[in-house]
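Chain lettering (A, B, C, D, E and F) follows the sequence in which the chains are written, and residue indices restart at 1 in each chain.
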Amino acid sequence: MVGRFQPFHNGHLHLSKQILQECNELIIAIGSAQFNYIYKDPFTAGERVLMIHAALMESGIDLARCYIIPVINDENNARWLGHLRSMVPHFDILYSGNEFVKSLVLEETFRIKKPDFSKKNEYNGTNIRKHLAAASAASATATVENWKTLVPNAVSKLIEEVDGVNRVRMLFNSDSNPQQW
Amino acid sequence: MVGRFQPFHNGHLHLSKQILQECNELIIAIGSAQFNYIYKDPFTAGERVLMIHAALMESGIDLARCYIIPVINDENNARWLGHLRSMVPHFDILYSGNEFVKSLVLEETFRIKKPDFSKKNEYNGTNIRKHLAAASAASATATVENWKTLVPNAVSKLIEEVDGVNRVRMLFNSDSNPQQW
Amino acid sequence: MVGRFQPFHNGHLHLSKQILQECNELIIAIGSAQFNYIYKDPFTAGERVLMIHAALMESGIDLARCYIIPVINDENNARWLGHLRSMVPHFDILYSGNEFVKSLVLEETFRIKKPDFSKKNEYNGTNIRKHLAAASAASATATVENWKTLVPNAVSKLIEEVDGVNRVRMLFNSDSNPQQW
Amino acid sequence: MVGRFQPFHNGHLHLSKQILQECNELIIAIGSAQFNYIYKDPFTAGERVLMIHAALMESGIDLARCYIIPVINDENNARWLGHLRSMVPHFDILYSGNEFVKSLVLEETFRIKKPDFSKKNEYNGTNIRKHLAAASAASATATVENWKTLVPNAVSKLIEEVDGVNRVRMLFNSDSNPQQW
Amino acid sequence: MVGRFQPFHNGHLHLSKQILQECNELIIAIGSAQFNYIYKDPFTAGERVLMIHAALMESGIDLARCYIIPVINDENNARWLGHLRSMVPHFDILYSGNEFVKSLVLEETFRIKKPDFSKKNEYNGTNIRKHLAAASAASATATVENWKTLVPNAVSKLIEEVDGVNRVRMLFNSDSNPQQW
Amino acid sequence: MVGRFQPFHNGHLHLSKQILQECNELIIAIGSAQFNYIYKDPFTAGERVLMIHAALMESGIDLARCYIIPVINDENNARWLGHLRSMVPHFDILYSGNEFVKSLVLEETFRIKKPDFSKKNEYNGTNIRKHLAAASAASATATVENWKTLVPNAVSKLIEEVDGVNRVRMLFNSDSNPQQW
C-alpha cells in the first residue's frame, strides 16, 4: 500500500490488517518522503516510519511480515511505477482505489486491488490535520481532542512526543515556512 | 516556437504554417517535458511528439523542415534561454507573444517575432482541457464532442487512442494524483 | 538574517543596523536564490546581492563587517539548518521571528533572537510587489510611486535600472511565465 | 548503522547483532538508495531491503526491534547528518568507524561508537562484488562459489533469485550501462 | 534506437537504415541530453539533433518516418525504461546489443533486437573523439583528417561549422572544464 | 573571477589585486558551492567565503568594492554563463585563462580577459591540497608546513581553526566519504 501517512490513521491501520489477511507480506511505501514541516506534510519520513511501526506493533501485527519504506516523489508520473518498484521489494498486488493508477500499468507484473476504506471522510489525512490545527488553537477541552479518536493510540502518543499539535498549528499559518520569509 | 502543447491545437498548427512560410525550418520545442498525468499536463512528452508529428504530416507539411523536441523545464527563468539553446538547433527567430521574453534576451543573437493567433479564446490549451474533462463526464452527445473541432484531426485520433478523454477527466479530480494519496 | 529580499526594504535595512549594533558581523542569506522572473520572486539572486550591497553602503555601514550570500532552497525543511550552515560562515545568533525555526534547532550551537520589525504591514515584500505592479499599470502620478518610500534609495534606483517596475507588472500577469505558455 | 549494503554481508550481520545487544532498537539506513544496475551498486534499494530483512529473520533477530530504511544520497556532505536525521527515526548512537563523521557532528544530540568489524578484508562489499563477477565468468566449480561464504544464507538465495551473479558480471563490463551506449 | 551520438557516425547511420527496412518508423533517442562541452560529451543535444537530421536527409531517408528526441539521463537505472517510455512515442522493438537491458525489461510490451554493427572498433564514439582531439593538435595533413571517413558527410560539415575539432581538443585537456577551475 | 578556491591561495589574491587596479569592482564567484568534505573540495562554501573575505581584508582591499558569492554547479555547461549571470551582479569583464569559455560566449555583453598567474605550479589548489594531506601525516617539522607559504596568512589561520589539515588528510583516504561506506 502507498500513502503519505500525514499521519497514519485508523483507516490505514484497517487496510494494513486487511492486506495481511489476504497476503503473506505487507509493504507500506511512505510517499513524499522528502517533505516535512509544511502544513500538508508536517512529519518527517523518519517520524512517519516510527508511527507506522509503533501502530502495527500495538495492534499485534507481526513486524516480520511488514516492510515500511520511505519513497521520494518522482516529478514524472508516467515513470512513477518504475520508481516505486526500484525502491521496494517485489510485489504482486498494489492496493489502490486511485482509478488511473491502472492507466499507468502497462504490463501484467502485478494486480491492482481496490481497498475498502470505511469512514473515509473522518479517517482522512486532510481532516485530521485540520483537527490538529484546531486542537492547538483552542483551549484543551475534551471536544478539541477528538483527533485522537481518528489515529491509533501509538500514533497519538508519538505526535505528542514531537509536539506535533503545535507544529501543525504553526504550519497552518503559511508564513511559518522557514524558507519563505 | 515554444509551448507545452497540452494538446497541440489548431492555433499551434496555424502558427506552424505561418513560420514555415517565413522561414526555412521550424523548431517546435515542447516545454514541461517531464510532466504528465496531471490535469494541467495530461500527456507525456512522447505522446505530444507523436501528436505534433502526425498533425504536421496530415496537413501536408514537409517533416524534413521540422524539428520536434521535448525540453525539460528550468526552475531558474533567467537561465532559460541558455537552457533552450542547448537543447535545440541554432535558431534566428523566436516566435513569442510573451512580452517579457524580451527582457530575458540580453544580446542580439536572434530576433523575437510576435505570432498572430486567431480565436485565442477557443484555440487554447486551458479551454480544450476543460472541454475534454466535460466530454467524458457527460453522455456522448454531439455537443460535448466539440473539443474535436479545436484540434487537428490527427490529434483527436491520438487522444482517443490513448484514452485521453478519460485520462483528463480523472486528472481533473485532483485526488487522482498517484503520489498525493 | 535570512530572507528572500524581493526586494530589500526599509525593514530589512533597519534590522541590519540593529544586528550590527549587537554583533561584530552580519550575514545576510538570500533565500530562494534560484528563483527569478516570477511574480513572487521577480529579481535574480545577483540583482538582490547588488541591491543589498548598495543599500548598506548608502547608509554608511562598513561592508567589511558584512557577508551577502545567495542560498538555493532545500525542499527538505528538516535539513534546512544544515543546508544553511554549509553555505554561510559560522554564526552564533540567528535573527528570526519565525516561531518554528526553534523546533528545527536540535542543538545549542547558536541562539535565536527575535527581531523587532516596525511597520510590518508596509515594510513587507508582498505589499511592495503589489505597489510595484500597480505603479506600472497606473499613470505616473506621485501617489503611485509610493513604493519608493518603502525601500532604501539605492534599491529604488537599481529597480529602475533593471526596468523592475515593468518586470513586476508583467509577472503579475501569470500568463507571462516563459515556460508556461 | 549506515551502509550501502551491496550486498549485506556477514560483517554487517555481526554488527547488527552487536548493536542489538547494546541498544533497544536498530536502524539500518541503506545509503545510495537511488543507485542500482551499476557495478559499484548492483542491487536496487528494494532488493537490499529484502536481503537485510531476510538475513535478520534467518538469524533469529526480532524484526519488531529493527528499522530498515533506504536513504537517497545528499551531494552536500556537510548537510548529510541533517538529511539522515530527517529520513530515519530519532537515534542516540551512530555506529561508525569513519573518523571524520565526528567532524560533521557539531552538537551532542547523539554519540558515535566505533564498531568492531572482524575479517574486514573478506567481509567487504568491494571484495564480494569481485567474487561475484568472477563466479559468473568461470565454470561453476566449488572454488568460484566462495562468495556464498561471505554473506548470510538468505542473502545468497536472494542474489540467485534475481540472477544477481550474472548481473554483477555484466555490470563489471562498464560498456553495459544502458545510458552510456 | 538509443545512444549518446557524440557524434552520430557511420555505424549509427547504418543501423538507422536497417531499422527502417524492418519497421515503419524509427525513433532515435539521444541520451545524456543535458551534457555538453565535456570531452566525453562534446556536443549539445541541439547540435546532435541537427547532425542526425542532416545525416538522415543526406542519405535519402524520409524524415516523416523518423523521430529524433533528446532524453535527459535518469540516475536510477532500474527506472530508466519507464523514463525512456515517457519521453518518446510508443515503440514495439528496442534495438540494443546491451545484454542487460533485457534484465530491466520486466514485461512484454516490446521486443529487444540485437543490431549488427560493422567495424565496431572504428565506427565508435570513443575512437572518433580521439581522432578529433588528435586532428586539431596535429598539422592539417591528410592523415589526421581521417575522422571524416568515420562519420556521414553532413556530420563532418556540422562539426566544422561549430568549430568542433578545436572544441574536442580543448575538452581533451580536462583543465578546460569551466566549472572546475 | 571564478574559481573553486579550495583553498583561496596567493595566486587568487594576486589576481584580485590586479582586477581591482583595472576595474571599479570585483566579483569573486565560488564554484562547486554545494560540494564539501571530499578531497577535491574539502571546505564548505561558507568556509570559503570566510577565507576570501579575511584574505582580502588582511591585504588592505576595500571590501565595499567586492562581492563574494557561492555558486552551485550547473551540469549543463552550455547553459553555465546564463547560470552564472543569474547568480552574480552584472559584469563587463570575465577574467579567465580558460580557452573555451570564449566558445560559450555567444554575444558581446562582456569581454574576456586573460589573467596572468605567476608560479602557477605552486599557487595551485591541487598542489596545496597535496601539501595539506602530507602535512598532517608527517610530524610537524618546518618542511611539512610549507603549504602556509602558498596561501594568505588569514587563510592559513582559518584552515587551522576548522582543523582543515586533518580534514584534508582524512578525505585523501577515499574510504572516508560518509555516504560511501
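The definition used in the following text is that a contact is a pair of C-beta atoms (placed from the backbone, for glycine too) under 8 Å apart; a residue touches a chain by one contact, two chains touch by 3 or more.
These numbers come from a predicted model, not from an experiment.
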Fewest touching-chain hops separating chain A from chain F: 2
Partner chains shared by chain A and chain D (touch criterion as defined above): C, E
Higher-contact pair (C-beta pairs counted), D-F versus B-E: B-E
Self-contact between copies chain E and chain F, residue sets same or different by half: different
Interchain centroid distance [CA atoms averaged], chain D/chain E, Å: 36
Distance from the mean Cα position of chain F to that of chain B, given in whole angstrom: 44
Contacts with 2+ other chains: residues of chain D: 34, 36, 44, 74, 76, 78, 80, 85-86
Contacting chain pairs - touch in the sense defined above: A-B, A-C, A-D, A-E, B-C, B-E, B-F, C-D, C-F, D-E, D-F, E-F
List of chain D residues in touch with chain A within their complex: 33-34, 36, 44-47, 49-50, 53, 57, 63-64, 66-70, 72, 85-90
Residue numbers on chain E that touch chain A, as the complex places them: 74, 76, 78-83, 85-86, 106-109
Chain B residues touching chain A - in the complex, by the definition given at the top: 34-38, 44, 163, 166-167, 170-171, 175-181
Parts of chain E lying in touch with chain D, wherever the complex brings them together: 2-4, 31-32, 73-78, 80, 96, 98-101, 103-104
